[in-house]
Amino acid sequence: MTVTRVDGRAPDELRQVRFSRNWLDHAEGSVLVEFGRTRVLVAASVTVGVPRWRAGTGLGWVTAEYAMLPRATHTRSDRESIKGRVGGRTHEISRLIGRALRAVVDYKALGENTIVLDCDVLQADGGTRTAAITGAYVALADAVEHLRRLGALAGEPLTDSVAAVSVGFNSDGVALLDLAYEEDSAAETDMNIVMTGSGRYIEVQGTAEGTPFSRAELDTLLDLGAAGCAQLTHLQQEALA
Amino acid sequence: MTVTRVDGRAPDELRQVRFSRNWLDHAEGSVLVEFGRTRVLVAASVTVGVPRWRAGTGLGWVTAEYAMLPRATHTRSDRESIKGRVGGRTHEISRLIGRALRAVVDYKALGENTIVLDCDVLQADGGTRTAAITGAYVALADAVEHLRRLGALAGEPLTDSVAAVSVGFNSDGVALLDLAYEEDSAAETDMNIVMTGSGRYIEVQGTAEGTPFSRAELDTLLDLGAAGCAQLTHLQQEALA
Amino acid sequence: MTVTRVDGRAPDELRQVRFSRNWLDHAEGSVLVEFGRTRVLVAASVTVGVPRWRAGTGLGWVTAEYAMLPRATHTRSDRESIKGRVGGRTHEISRLIGRALRAVVDYKALGENTIVLDCDVLQADGGTRTAAITGAYVALADAVEHLRRLGALAGEPLTDSVAAVSVGFNSDGVALLDLAYEEDSAAETDMNIVMTGSGRYIEVQGTAEGTPFSRAELDTLLDLGAAGCAQLTHLQQEALA
Amino acid sequence: MTVTRVDGRAPDELRQVRFSRNWLDHAEGSVLVEFGRTRVLVAASVTVGVPRWRAGTGLGWVTAEYAMLPRATHTRSDRESIKGRVGGRTHEISRLIGRALRAVVDYKALGENTIVLDCDVLQADGGTRTAAITGAYVALADAVEHLRRLGALAGEPLTDSVAAVSVGFNSDGVALLDLAYEEDSAAETDMNIVMTGSGRYIEVQGTAEGTPFSRAELDTLLDLGAAGCAQLTHLQQEALA
Amino acid sequence: MTVTRVDGRAPDELRQVRFSRNWLDHAEGSVLVEFGRTRVLVAASVTVGVPRWRAGTGLGWVTAEYAMLPRATHTRSDRESIKGRVGGRTHEISRLIGRALRAVVDYKALGENTIVLDCDVLQADGGTRTAAITGAYVALADAVEHLRRLGALAGEPLTDSVAAVSVGFNSDGVALLDLAYEEDSAAETDMNIVMTGSGRYIEVQGTAEGTPFSRAELDTLLDLGAAGCAQLTHLQQEALA
Amino acid sequence: MTVTRVDGRAPDELRQVRFSRNWLDHAEGSVLVEFGRTRVLVAASVTVGVPRWRAGTGLGWVTAEYAMLPRATHTRSDRESIKGRVGGRTHEISRLIGRALRAVVDYKALGENTIVLDCDVLQADGGTRTAAITGAYVALADAVEHLRRLGALAGEPLTDSVAAVSVGFNSDGVALLDLAYEEDSAAETDMNIVMTGSGRYIEVQGTAEGTPFSRAELDTLLDLGAAGCAQLTHLQQEALA
């Protein structure tokens, strides 16, 4: 069966991925990452010292915050600052990004330094969390390089790279890689996969939006996601070269 | 290798699971569910009508809220009501429970009725979200029965049952089922699996807490979780019989 | 005149009162207290040290927090954590419980330790504040015993016991003890009385819900409340024996 | 024994009480009430209609809000608007004032009109809640008069008048009327009494700050409070004449 | 053309301005300032020490907070404490008042002392921010005098005085001084001018409410405002004499 | 005297100004506006209908919201969404932008449509509010064009164009146009001027950061600002051509 995706891609094809490094002048690392029309600005901010609960341990800290501009989406959303509270989805994705990056950080080598990864979605067209994670690794690598130049590191803090991609089944049962918004809305199953450059899993989050899925379907998605992450790893390496 | 778990269980053994139905007098469905020392009180509240954004569609709605009493845990936590905001973890689990239950609900058959599942953790010893989901299905079934007795249903709103369990690897690389708090804290990998009674996946959430995991390890956890969910499904059927 | 109360009690009769001590595994003191269908879970949490404003004085501190689960009541209430603020009634009762218990605490003997009494209403059928106070004394006594076993006390911190009960007039002018929800809603006058085991008053709060009351009516309620508190004191002693 | 009070008063003597009616130009009723150095500005705002939950019943509504200016007190307090939440004490007193005034309101005669009583403490020297209640009655009477002139009433909405006073024992066991701040801080027992002009009780709130009190002591305070409220009733009548 | 202002004033005439100094007993400086029916209570609170970010610099700090009582206005407004957030207008005016006063403060001479100026509008009839600034200078001068008597100053902290007034064009193109509420609502252009006693500008804020204004119109308003500020400076001197 | 500005500009020279129109795919109008290193992303969102308080009047509405990304600045700032409240500065600038744009809008011609202008500062180097206003006009013009193409307008809603610029004196008394962050921090006087394309004033906000300023100095700044706004108007016309 020939699948026609909304933008003409093959089912196992990524959207055009672009990393514009050093998009900001002040941040220690920054990248404007694009997965097709999804655009996320990631800023990595380095500060000496760690949160109080970690002080004196000799270990560093990496955390992330995710947010969307009000008109990143097709119709405008109210600002969370004005609503006075951060929504569940925002919280959940912020926590996911932080966990994903921390999986490849050697805190001892980082020393008592903190890196905050701010991932602000300027435009959303599906896959904002996977673009954010994939871009955040690039900004993190630049921030680490900044610390290295300052002589502030006790070793190599990055033990591996991190990339993430979404996969899912459309209503015809075809497995798709890197879903755009329209595809994501219509997907029966939606899965986000976060992997290291060396091909191990950091996070697997699969949700049946429609009919619950079988073990065979799960295996198909895991394979497709692994292939997508491998390609993103390659693109990250090129961008950082 | 013989594994000694903290409470003497075999690696693939559930904790003692208990469902005390109708624990509350006012709620349309309620259960005190226990997974070992983890105790969650689930109340299912039925109201006629649906949220405004859904009104007039003829479809029902099911949602969930999760919370912990301040002294559910080993040391006391501050109340979220007093902090004035719901934390990210609370939000995330509330959303997970709601999604899990909605996967087996036929909204048309439910008609324009809303069921809210309040899952309050009275005591926490690991696996509070999986106990909550597993118990919530029982409370939901009772609430649906209540609607049936009232003649308020347009068919059978439950298309299947739902159960959930946690699995993970300990630091010796042994796969464990239904982790208690102490095991969960020490686990290298932590996965929550939500499945239907018929053995399909609703949600798979695996996270590398330590070293990222391989595909083979992922497969082992998926198998173990499926076996655990099948046992829980059986216990739910007994409780509801 | 023969009064028929909703549950067949005599006007001056308490509901069935039950104290299930050590209902929780982690808390230093805990009790599930029941006044008929009203069920309050009280957890006493001990921490070394006192709030900053009291540090270095050698004196301890006791405080309380009261809350209701959303489906404790006949119809579901929204969570205060989600509303983002604690309501006036919750605040008021939390303050009352703390004041009541502090009236029998010798801070010097307690030493610089803090005991927080969390009173969570699992099911409400009138008299939740009086059940909470009466149960909180039992949990407090257990927490103090815990400190004693640790050798952390500088003497006996409890100078007396505390019990509380509600009294009121129904619309026929009959004085009732320990009002259930339905009686409370219909009462002309509503009074909560908190007394020591030795029969002195800690707090008297009487409110005319309907017609303001005379001094003679006030005296009748004070007598009835004193008799009820004496019975509760006796039940506490049995529970703690 | 001769008692010397801080300001030379006899134990059973009120502070100088002053009512400056119509202190504001816009409000339908207003009074600057002074109990010695305690000054509370009460504004009664009338609006046609009632809150949604009461609409269509033909009944009116009366409610109150209490607050303190930041420098009403000896040292400056932070604003509740800036802290982003109303404190427990503020909530509690607002509710008390509203309850007290509603006890003498005939909602049917008031018709579907709402009167909000804003009680803002400009300067605090003890007894702010009793001054607020006593002044609020005067502002309420003026607001009712305003409605009467408009022909908006279905009868006489005020069934009686309301006054309130504090009483307590000092550390020498002497019962004092209308405690100033310094006396209040040092009192063993503190009681607020709200009564109608005809001498019935609306609210009695007694708290043991130090040693719990006996029934005889309670009776002494109730007598003293009744005498104080009678004097305040007389002063209100003069002010409104 | 003869202009008839709502209260019979000439276009370039101030309303009756009154300063009632020491209106409060506890505050180190206080004034009830009236511009016609606009009444603002200003309290100056002195504390030893400065905010953390300024500690150890040897410099003092002056800040201001502005708020309105709910019934200061023609119709009642909700309290910001209850809404749980301070509105934009409140924030903006608080910042303006603080900036205006700080322009004449020599922080070195003030030493590490903080003065907070609380400006609470008891009644509003236009020009509340200009009345607040003009009154705040008087309260500040009294608070500084209080510090001087304590010997806590390192010199003269006030380098000049501050006064403020509003000016604007009505719909007939006539320039008006010190606009009352009704005039302000109808003004084409609205300008607030803050000046020192020596005739220099601290703040100029002009806004076209209707048609944007020309440079010539701007010049007219600046002249009128300067004349008004000079008169207010004179009245401040008299009040402080 | 020859002034060397930090970036080599002449005192009366603007920074390089760039408008990248249609930077976003979903918004009805959008522009990435740059004043040197200051970059503001403006999105204009059109919705049919107006806020409730304006419904049925036949008039449209235009409003604006301003915010900064956390790492727009030299050091990272906490997110307002996480702090749970919008700061005073943010509020103030949002209100200013809305007022500025509304000055050139004919609500009748706009019809009952609402345009929200979201101005998000991606990078800040001084002059973010003037860049936001100047860019917002361009996005507004595109959004109006979008409505025109839909045939949703009742005439020409834009009566003029709007531009804004900052001016100020440096510590040597030299008047500077369009201050960069470093210049702004060191300025004695800081003024923001908002003007129409036809050379009339919409808003003038001048503040003495150091010594208060004389009338002659004020006139110098007004002249310089008018010249700057004229240049910006020209650049807007080119961008929109």
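First chain written, first letter: the chains are A, B, C, D, E and F, and each begins at residue 1.
Definition applied: contacts are C-beta pairs under 8 Å (C-beta built on N, C-alpha and C of every residue); 3 or more make two chains touch, one makes a residue touch a chain.
By chain, UniProt protein names: A, B, C, D, E, F = Ribonuclease PH.
These figures come from a predicted structure and were not determined experimentally.
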Check: Which pair in C-D, D-E or E-F has the same interface as B-C, with over half of the contact pairs matching by residue number?
Finding: D-E
Next item on the list: Report, in whole Å, the distance between the mean C-alpha point of subunit A (Ribonuclease PH) and the mean C-alpha point of subunit B (Ribonuclease PH).
Entry: 28
Margin query: Averaging over Cα atoms per chain, report the distance between subunit A (Ribonuclease PH) and subunit C (Ribonuclease PH) in Å.
Written below: 51
Checklist line | Chain centre separation in whole Å, for subunit D (Ribonuclease PH) relative to subunit A (Ribonuclease PH) (CA means) | finding: 59
Margin query: Give the residues of subunit E (Ribonuclease PH) touching no fewer than two other chains, as numbers and ranges.
Written below: 84-86
Next item on the list: Take each protein chain as a node, join two nodes whenever their chains touch, and name the resulting shape: line, ring, star, complete or other.
Entry: ring
Next item on the list: Name the ring's chains in order, please, starting from subunit C (Ribonuclease PH) and stepping to subunit D (Ribonuclease PH) first.
Entry: C, D, E, F, A, B
Item checked: Footprint of subunit F (Ribonuclease PH) on subunit A (Ribonuclease PH) - complex, ascending -> 24-27, 30, 37, 41, 43, 45, 47, 65, 67, 69-76, 79-86, 90, 116, 118, 120, 122-123, 125
Check: Which of the residues in subunit E (Ribonuclease PH) end up touching subunit F (Ribonuclease PH) in this complex?
Finding: 85-89, 91-92, 94-95, 99, 103, 160, 191, 195-196, 200-208, 211-215, 218, 222, 226
